[in-house]
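One chain, chain A, links the two complexes that follow: it is found with chain B in the first and with chain C in the second.
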Partner chain A sequence: MNVITCYKIVPDDQDIIVRDDRTLELGKAELEIGQYDLPAIEAGMQVVADAGGKVSALSVGPKLLENSKLKKAVLSRGPADLYLVVDDSLADADTHQTARTLAAAIQKIGNIDLVLCGEGSSDLYSQQVGAQLGELLGMANINAVSKITVEGDKLIVERTLEDEVEVLEVSLPAVISVTTDIVQPRIPSMKEVLSAGKKPVTQWSLADIGLADNPQTIETIDTLAPELAERKQIVIEGDSEDAVNELWENLRQELQ
Partner chain B sequence: MSADKYEVIIIGGGPSGLAAAYKLAQAGVEVVLVERGDYCGSKNLSGGVFYTRVLDQLIPGFWEEAPVERYITNYVTTLMDKEDYFNLDYKGQALSKAPYNAFSVLRAKFDRWLAEKAEDAGVMLANGIKVEKVLKEGNKVTGIVAGDEEMLADVVIAADGINSFIAQEAGLRGPIKLEHLAVGAKALIELPRETIEERFRLTGNEGTAYAMLGEASHGVAGGAFLYTNLDSLSIGVVLRLDDLVKAGVKPAEVLDDLLEHPMVAPLVKDGKMVEYGAHLTAEGGLHMVPQQLVADGFIMVGDAAGFTINSGLVIRGMDLAVGSGIAAAEAIIEAKEKNDFSAASLNSYKRRLDESFVMKDLKTYAKAPIFMENDRLYKSYSKLANDIFGKVYNHDLTPKELLLKTALKALKENNLSIFDLARDGFKGVRAL
Partner chain C sequence: MSAMKNVWVFSEKQDLLVELCAGARQLGEKVAVLLIGNPSAADEAIKAGADHVYLMGELEDSRMVEDFLPTIEKLVAEHKPDLVMFGNTKRGKLMAGILAAKRGTSVLADVIEFLEDGTCKRRVYGGAAISTIKSNAEVAIATVGGGVFGTQALDESRQGTTENVDFVAAESKVKCVEKRAKAGATVNLSAAKRVVAVGRGFADKEDLKMAEELAELIGAEIGCTRPLSEGLDWLPRERYIGVSGVMFKPDLYITLGISGQIQHMVGCNQSQTIIAVNKDKAAPIFKQADYGIVGDLYKVLPMLIEKIKAGK
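Coming up: the complex of A and B.
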């Protein structure tokens, strides 16, 4: 089975500074693989461990994808090779641009049975790209999958809903977006880290995948942090009846 | 389990390990560098003043491309009393010309750059991996263990810093003596470039480094430092562990008081503290360098081998680290030609160090740590200097006395004898 796992390079959210005007300062933030994409990569490794085949990693974005540390980071997590589509116009790509670029790259790679995505990107978390990608590729297309089992030329997948688990049979090829609880991503070992540097990387431009014309359909006006809620900062100490009453009184007033 | 084998494995991606790796890879040696941090420099506390002439030998003209902050042209030595201070201010024009004498560096950026240079030269970098122990056959070091994986090498280089447990494990180093250890507490304070250049009287990328004694460390053995980066200041205290325990003060309090001292406060005013941390450092100089620096298949470099100098006026480590890394690489390249990686063969490392500035300077400053164990240096002399100058400049309408008499009086008030002063002065001149 030939599996593609898609991932996005994002700033480490712990190092993002919110300025006083609620805009974001990203300069100090390290770049990393999206936290929701790591389980998708690991799920791909499990699929080929069970059914045989090969996992390739794929990302599209600006020039920063070429960073050797980031390339090694994804390849040390198991994929046999890596495909990148690099163009600085993809720096602020909207979900449609991203899905279109991924689709064109996957068609160029060819002969793919399964495409895995995370449940959303860990920066913007639109949860759109997986669904649009399935549509563009004309493949079966399911999100929120928490378990994948290979059965012959089909997959049995589970979706954990509010109060039941949906079990679905999916024919291949398919595009599946997985949740973070599908599998714990690995911490690469020393040998995986060292061998990552020797794995093949194929890099394409937009023209290479026949997408010279890939306009942005959405214009981003602002990216702002949510307004901080004003806290009352009332602290009630002790476990006496008076304290409980005071707490209740405060809650009651707020709920009125 | 089968283990991969490489020619050289280096444990630790600081200046010593990276310098050795770069030099080895350039010579076509197959070298793997294993670093615990997610990237080289990530475990490092903000920065330091790097006396970089040796780096220019390894990477000529490195300052053109390396993320260095400012070349240091101004050196200030401060004798600090509770509220007063006495500065010795030196500015040398020669220090502002290439090849520069010293740069302030922020290590998170600098080490990362050096790691990229090493990688470009062919070094295989494994970040985020903690080496648990070395593999041995008898006394011979044969490789490393990380997680449940083993990796073999002709030579393992311990470049894992001051706490090098790899060196201890290889049996070459015992635990460090308490009096050779110090705690450093450090803050990084952001200020606009222009503000820094104005406050420190700098032109362009010139920089200042302060060494502060006396009240700067609350009289605890050690001292304080302050140096300028491009758009931030690094300020910190270094307190000898044994004396710190005796004095019962907390490093953070000493640093906080220093930031409020009348000399420091105007320099850091309106700055934004962006980093604050503490780190163990070594002060032992030659006294903590182990007898044996090599074993069969094993070499120690940089802080791991105890290569640090604190002369009171300058604290050095990074230059010795790079110097020792280069010497280790040269020794391994020679050993490879003979295909003999025994301790006897690798011991050309020791000879190379002896011939280089590394051992020469360590020997020159060998007496500094003993000299600096003297309490009077930290507790009395700063106050003495300030008392004398206070009396010289203060015209309170009492009749003036000649300088000598003023000085003798100040000595007496500080419970010092002229013999103490003469003895310490003589020792100081000899040790530094």
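Coming up: the complex of A and C.
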């Protein structure tokens, strides 16, 4: 079983600073693997642990992907090798551009049985790339998968929807977007971190994967922190009976 | 988006479909619904706001909702509406994505507002910001959640047309072999009028019982911050307030042991009144609360519960 797990490098949203004009300062934010992508990587490792095969990691994006710490971060979580498609134009890629780039890379890698995606990117969280990628590759295509079992040349998966769980038979090759509770991602051991630096990394440009023309179809006009509502800010200090009484009086007004 | 002529709606969830129909009426001159169901369901869709219903057939055991996509694709390709809105369930998101990929475009995902100039808004960075986006596609495709347009009463006198369309069969690479109800009741926090939200100020899962008691006394739903549902697994993900595409406008929002990071606050920012209990005087929550108490929730909460009981 040849497995690809896709991931995105994102800014840690705890580090995002909102400027006075409500624009965002992302430059100081620590970069990390998307938190929804980590379970997808681990799910890939589980699949090959059960069924044999190899997991490769794949990411497409701007030059920051080349950061060696970030490359080690993904490879220390198990994948045997890493493929990157790097072009600064991908920094503002919409979900269609991202899916097309991933699809072209996966076709170039070739001979892939299973592609795993997280349930969404932790920065923009459109939850769209997996769905579009499956269609572009013409593979079986399903999302919200919380369990994967390999059965011969098929997968039996559980799909957790809003109010029901489906058990699905999925033919291979397939693109599957997994939920965060499919598996707890590992914390890499020192040994895994050390060996990560020795694993092969293949880097391509858009031209290498034959994707010179990949226009944007959704334009982002601006991104601003929301205006906060005016609040009364009546704050009582202390947890004495009197203080709680005062709080209760305020609460009682609201309950009427 | 007042310039739109034709707005189409699909959702496999009846309540969401009704909301999206009402919304589509605000956005476009003509509203059509892509419907899985029977003729009486089509009548309901018309009462909810549809001018035209494409009745695609019923959901038989051998078919998944997703199997209706080729039928939808064919209709969209034939009629080219200005906008197709999918309810933002897991199924809706998958179907919107597949349709978009077929048509060589992206999806306006989890739109929270459509503006008159043709742009729309969505939350990004875990809710810390809102992007204004615009589709350049011939047929714009969007996913939209509950609460965005609000509900409107059904109009019993509304007239519309229903058209039976042929099911377009396609090779199915995914087959449903079993379905079961999901453990645990589903919660619809977006509809709650009062919410008691819990955060890391609670030291133990058992202690959430205090919050549950408070919630029950005042008729509120329980919500939580991300660490409680995703790190600690104390509460199901449906109760976590933050990244999800759900609009959240309760009348009363009580936070217990929540520091008030922006990623959480954006989820509840539109609450009518916010009350905060936190022991850290410097917690940002107090800047965004109407009423706050700087105190230990383990002391405040039992006293408050007693007072509510006594006051009843």
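In the analysis below, the second predicted complex is superposed on the first by the 227 of 256 C-alpha atoms of A that agree within 3 Å, B and C clash if a C-alpha of one lies under 4 Å from a C-alpha of the other, contacts with A are read in each partner's own complex, and residues count from 1 in each chain.
The criterion applied here is as follows: contacts are C-beta pairs under 8 Å (C-beta built on N, C-alpha and C of every residue); 3 or more make two chains touch, one makes a residue touch a chain.
Because the structure is predicted, anything quoted here is derived from the model rather than measured.
A.B. asks: Tell me the contact category for A:Ala49 with respect to chain B and chain C: first, second, both or neither.
C.D. replies: In the superposed model, A:Ala49 contacts neither chain B nor chain C.
A.B. asks: For A:Ser68 in the superposed arrangement: first (chain B), second (chain C), both or neither?
C.D. replies: Only chain B; A:Ser68 stays clear of chain C.
A.B. asks: Have a look at where A:Val193 lands relative to chain B and chain C in the superposition and call it first, second, both or neither.
C.D. replies: Only chain B is touched by A:Val193; chain C is not.
A.B. asks: Should A:Thr95 be classified as contacting the first partner (chain B), the second (chain C), both, or neither?
C.D. replies: second
A.B. asks: Tell me the contact category for A:Ala212 with respect to chain B and chain C: first, second, both or neither.
C.D. replies: In the superposed model, A:Ala212 contacts neither chain B nor chain C.
A.B. asks: Decide which partner touches more residues of chain A, taking chain B and chain C as the two options.
C.D. replies: Of the two chains, more chain A residues are contacted by C.
A.B. asks: Which positions of chain C touch chain A when the two form their complex?
C.D. replies: For chain C paired with chain A, touching residues are 13, 64, 89-91, 93-98, 100-102, 104-110, 119, 122-126, 128-137, 173-182, 186, 218, 230, 237, 243, 251-252, 254, 261-263, 265-266, 269-270, 273-275, 277, 279, 281, 286-296, 299-300, 303-304, 307-308, 311.
A.B. asks: Report the residues of chain B in contact with chain A in the complex, numbered from low to high.
C.D. replies: Checking each residue of chain B against chain A gives 4, 32, 34, 38-39, 116, 119, 124-129, 146-149, 151.
A.B. asks: In their shared complex, at which residues does chain A touch chain B?
C.D. replies: 30, 68-69, 187-191, 193-194, 197
A.B. asks: What does chain A use to touch chain C in their complex?
C.D. replies: 11, 13-14, 16, 18, 24, 94-97, 99, 122-136, 139-144, 156, 159-171, 174, 180-181, 216-226, 228-229, 231-239, 241, 243-248, 250-252, 254-255
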